[in-house]
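My questions will all concern the structure given below.
Letters are used for the chains, namely A, B, C and D, taken in the order the chains are written, and counting of residues starts over at 1 for each.
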Amino acid sequence: MKKDAPHHRPHGRARELQRSLDLIRRNPLTLFGLFILLMLTLTALLAPLAAPYPQQGKGLSNLDERLEPPSFKHLMGTDDLGRDIFSRVIFGARISLKAAVAVVLIVVGIGVPLGLIAGYAGGKTDDLIMRFADMILAFPSLLLAVAIVASLGPSLFNALIAVSLPWWPWYTRLMRSQVISIKEMPFVESAAAVGASHWRIMFRHILPNCLSPIIVQATVDMGYIILAIAGLGFLGLGTQPPTADWGVMVSDGREFFLNQWWISTFSGGAIFITVLAFNLVGDGIREALDPKIRWRFQKT
Amino acid sequence: MLRFVIRRFIWLGFVLLGLCVITFVLSRVVPGDPAALYVGPRARPEQVEKVRAELGFDKPLYIQFAYYLRDITRGDLGESLRTHRPVVTGILDHLPASLELMISAILIALAAGVPIGVISAKNENTALDHFSRFFAVASTSLPSFWLAMIFQIIFFRLLGILPIGGRLDTVVALMHPIEKITGFYLIDALLTGNWTAFKDAAWHLILPSITLAAYSTGLIVRMTRSTMLEVLREDYITTARSVGISENEIVFVQALRNALAPTLTTAGLCFAYMLIGTFYIEIIFFWPGIGKYITNAILQNDYPIIMGVALLMAVFYVLVNLIVDVLIAVVDPRIRLGKE
Amino acid sequence: MATPPNRQPILSVENLRTYFHTPDGLAKAVDGVSYHVHPGETLGVVGESGCGKSVAALSILRLIPTPPGEIVSGDIRFNNQNLLNLSTRRLRGIRGRRISMIFQEPMTSLNPVFTIGYQLSRVFSLHNRLSKKAARRRALEMLAACDIPSPERIMTSFPHELSGGMRQRAMIAMALGCRPDVLIADEPTTALDVTIQAQIMALMLRLKEQFGMAMILITHDLGIIAGSAQRVVVMYAGEKVEEAPVAGLFHHAAHPYTAALIQSLPVLGRRETFLKEIKGMVPPPHQDIPGCKFADRCHEAVDACRRRRPQLKEIEPGHLVACIRRTDS
Amino acid sequence: MNVQHFIKTAVVCLAVGTMVTLTATPGAAAKLPRDILVFASTDSVTTWDPSASYSTESVYMPNIYEPLIWVSPPGSETSFEPGLAERWKASNDGRMWTFYLRRGVTFHDGSRLTAQVVKDSFERTMRMGKGAAFILDPIDVIKVLDDFTVQFILKEPAPFDRIAASANGAWIISSRGVVKDRDWFEQGREAGCGPYVLESYKPDEEIIFARFEDYWRGWEGPHFSKIVVKIVKEAPVQEQMIESGVADLGNRIPVESSKTFDRKPCCDRLVGPSFMNYAVHLNTQRFPFDNVKIRKAVSYAMPYHDMIDVALGGLGRQAIGPVPFGQFGHDESLFQYAHDMQKAKALMAEAGYPDGIEETVVYTYATENAVEKSFAPLLKEALAEIGIPVEIRPMNWTAQWDWVKGDPEKAQHMAALLWWPSFSDPYETLYSLWHAEEKPYWNFSYYRNPAFDKTILAAYATPAEDEARALYSRAQKMLIDAAPSVFLFDVERPVFKRRELKGYVINPNYPRVPFWYYMYKE
């Protein structure tokens, strides 16, 4: 039933963007998320200035003030080496954000070119790439990540690799579907008609037109990636001491958490808030761009 | 339908083969000598060499892989390097505890997530909707290991009303032991009429299953909400209104039934992934399930267990997906399997 | 054929305003429309897509999604009660029992996950306190009455298993099962094949006679109106521009828009939409236009048309028109 | 309708669930019966085979099995106590050891103790060559002289009394068990004659032991009839279990709570030496630790007491040489490096690096080891202060070891190592860790000193305890002077228990073993 309701009117692309921005601006949850992200990025960038005890944030011990509860001197208390938790949480933000960006870059770096090739080439190449991607997706990703770190040895770098490897096929899928919808468009065909090479067509003509959903997806994924990396850190498979890492701090605090609750509580809270912020923003962006988009499943 | 199922099983075969290759390769690039691990600490180099030959680690890789595949087809997943117990036995010992936890978690997630999602959709853009969306996003953002610890601090340490972990109280386990029939404590306790143990087991289930359910609840809320929003805009909803059907019946029966397929898919995926979600939760609540089994193995580089459990999880994951697809075809008559 | 003027209308819409709050502003989808229908009468409502005829119809049973829609003012009188003031509970007693609706898209108007039998008998048991069995029997009867072959099989079928025509018959069966006093048919045949269209139309008219209902037939197709309605209301951009007995309308259409509609009627088998033949576009609904909304497309328009909103005036008994060129000259 | 049903069922389930929750009153759990001991333990069982056992299960083994003789706890009048052998003697050259067995000892399976059983047990362990079997390497022949006399002929002189009393590899197995293969034991079976019988076993979860009625010492006086071992690796959980009375005994609670555990009315803590010690081994084949002055500077720089405080909650003693406090061969009079930054810096200057070195040194430790993890940052800070930049690199234990076993020129500069002796003689420790090796294996510092090798060998072959002790002291002095390793601390192991639990015996020769037979509840 086509309602007579006067909803359907043609919009320009700029108009659409404006509308999306409006929707984002009007959603209080998204704004809240954006605000947190801004604060986080700022503190991460200015960590040495923002942290009250920057040396302790980097790992210097302070044995005179071990396991002190939160106070004005130490807002979030101190850990078993007497280090200020607040400073370490701030320095941990650096690691988490850096790691998430790195994973996104790796994942996009692998997934997007493969999707581009699969979608553009079609046929056997497409089949081969997509079957492989499907197979990777059929594995439980966290398990794969854990197995990879367990074999490569625990370090932040290996954790990044391990989180990235099971993740890229999502981007291959997304990219491929974009490419397929774009490749028949006139501007691509005309480029081919004037004799542009396949590489040129793929990277100069198709790729720039497929990027916006990739960027959206990457924003949304940041939260999950932080969660995944924190999880590996918690299992002792990620960042190694004395670098401040939220997941590791939660795990360290587990030794004391029933009495000295503040170590795990605040570091885990930092993970939660960050992931929440990314998810709120991602949620808002998605809602604005395409309310029908299905939430992709990704368990950490 | 049958053809569809068969095709999925063939696909499962490929996935498993791929997984075997991956886990096998990973297990062979492990730094550290599995033979040394097998013999134990303080072993002499000669002993290690002897064991290396015994376990076939001195053979070329492809032959080792062939042996590995042969053993798998015989239902032999090898034995733990550390405890020397068969991995299959280990899995069977630990699986019921995990399943019990997962099933209660998915029931909680559905029981909480579907109504919240429906109510949220029905009241789109109201304060209630914003609140439940925030709830949904928040519960998918929670690091489960942290949530578990917070629960322990609050409900065990501060309030003292729930146990800190385990499946059964030590004293109850001694005085009212649960006879093992299925391995599910609740069921076994019911079957044997062991009320004390039943209550205690249920009591122990609460925190772990709520923690495990948190992520799925959020996803189910979101999924239910977004599909319900779509469904509520459908013409047949207007039709139903136009013939005088009450709003509650429209929302909770006519619309929900349409939204059920995607919700069930989500729930199914959640369930499949829960086996991994139990990783953290079982460690923190020391729940003796698969998650605890494999995390112990990971920390000790006991790779036959890692490989075995990885295989199990992949099979479980693909099977649950298959079951979900079949189930959806039952719920939603528009979907017919095999017609792709 | 003409309706005795002293009879009370069974349903009347008075000065209805239904607005939508859209991101682009307030859209006045229905802006002060009135019409009525007498027992046993068929009222045709015509107009292009987007003229507000469906919104008006949905407003009668308060089926407008709120938000974004809102019935701002007006009266909808049915049997001397104002439907707009009724409690939802009592309104539900009227929906489907006293006033029924049939929609344009038979493909999407039935719930895809329930059997036809379930959907029909649910309505009947709801309104008549029938047992499950009795409701099913009634459903079977109705399906048979709607010329559906082997109704038992259809009862257990899902909507997607039926053809469009069959689905629309099932819709009619559902709408008429409780013997309503008024049937609102919103483009009931538009989505169907030409051959089926005629059958469905014939079926509706037959059942209308049989049950003695009043009917509001909403369509953009004047051809259908010509064969079935007694009176016609022409709507343009949310307003009623002309109302006349069907014969009067076709013989001397007063409003230039109506005239254009009639001229664009297909001639003997040549079927095409009239939209092409009226130049220009309907003005956007959220745009405030001081004068006649049709002026920009009207070849008779003068300056006065753009300045002043034309009022409805009776130019002969039962024939009203809103055009200053007709009423002020 | 299905959906309605579903909703109804869900509501009913929730309601029932809530009711169950409400009626199941927790809190005051039923008291534990007096004759049951619940032991919260971190130790899993890696094998039930007494010949292969050489890991955490050795906490339980001495309650199931018995050796020929036991080593007495430090401070006892005699070095040894009789076990299944009532008396024993060694020949003067230390190569022939004769044991006279106790009569009337019954195994759990009903079979009897004879000399043949002893011979078969030792031969089984030697034949399998698993676990700690290497300690039996000196054995040449085992002779059954009569039903209750067994004689060991050794290839070379060795302190066989210490070997026979080992906590690993020297258990006596019944005649029925000794013929079984390892798989038979791994099902959760045993074949011992100790005070407790293995009743049920859930891996990594629970082990239940029942008392063996025919135990040769008899059951007079207060004893437990059942032991329930709950395997709980989480320190805070063990703490809660003991505090709430769910467990009577535990072996790991959070370091911080451990300090004040004694002050609680319900609970207390016992502390004893453990023979475990931590050392950091310096790669003597690589710059900068090829320089003895820099090695000594490292030994002076370590904040020993802070490390003990942070990593062990104060439960440890700064090491004096490589042999831990309480073990045979330990010498309190040896030189001990004190934490002295002035001296450390002076030594760096003497070595020619007053401003420190440029190169970053790599320090590895085993990720599995929480203690090593917790003192690593302190080590890094201390060395940074004397101008040695450190990169901490935690690795899986096997990976760390693999690196050590590779080319010394490319191996890590420093590696942490937890060590404990397989039996109570220091020879194994000194030989394994500092004896010159062709191919690196346990010699983490790649230390080479023929004089050292000769001295420890002489000590091992000397049956007279005082002479042997003097030789071991001389060998240790060489190590302290050359400083190839930093001897950090000897671990003191605490035990946490309810106050009403009595009779806990600490014997560091059997590290962390709770001897249940002597325990009872008041």
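Here, contacts are C-beta pairs under 8 Å (C-beta built on N, C-alpha and C of every residue); 3 or more make two chains touch, one makes a residue touch a chain.
Please read these numbers as outputs of a predicted model, since none were measured by experiment.
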item	value
Geometric centre: closest chain by C-alpha means	B
Pair joined by more contacting C-beta pairs (B-C or A-D)	B-C
Whole-Å separation of chain centres (CA-atom averages), chain B against chain C	54
Between chain A and chain D, centroid-to-centroid distance (C-alpha), Å	44
Averaged-CA centre spacing for the pair chain D and chain C, given as whole angstrom	90
Interchain centroid distance [CA atoms averaged], chain A/chain B, Å	23
Where chain B touches two or more other chains at once, by residue number	31, 156, 235, 238, 257, 299, 301
Residue numbers of chain D (touch at least two other chains)	234, 240, 367, 395-396, 399
Sites on chain C at which at least two other chains make contact	58, 103, 105, 108-109
Chain C-touching residues of chain B, taken from the complex the two chains share	125, 233-236, 238-247, 254, 257-258, 331-334
Parts of chain D lying in touch with chain B, wherever the complex brings them together	1-4, 7, 10, 13-14, 17, 20-21, 23-24, 26-27, 29-33, 36, 38, 44-47, 52, 54-55, 129-134, 182, 186, 202-206, 228, 230, 232-234, 237, 240-241, 246-247, 367-368, 395-399, 401-402, 422, 432, 439, 441
Chain B contact footprint on chain C (complex, rising order)	58, 61, 63, 65, 67, 88, 92-97, 100-101, 103, 105, 108-114, 122-123, 126-127, 158, 160, 171, 174-175
Contacting residues of chain D [partner chain A, same complex]	234-236, 239-240, 254-257, 306, 309-310, 367, 370, 373-374, 376-378, 380-381, 392-396, 399
Complex contact set, residues of chain A against chain B	1, 28-29, 135, 138-140, 142-144, 146-148, 150-153, 223, 227, 230-231, 234-237, 247, 250-251, 254, 257-258, 261, 264-265, 268-269, 271-272, 275-276, 278-280, 283, 291-292, 294-295, 297, 299
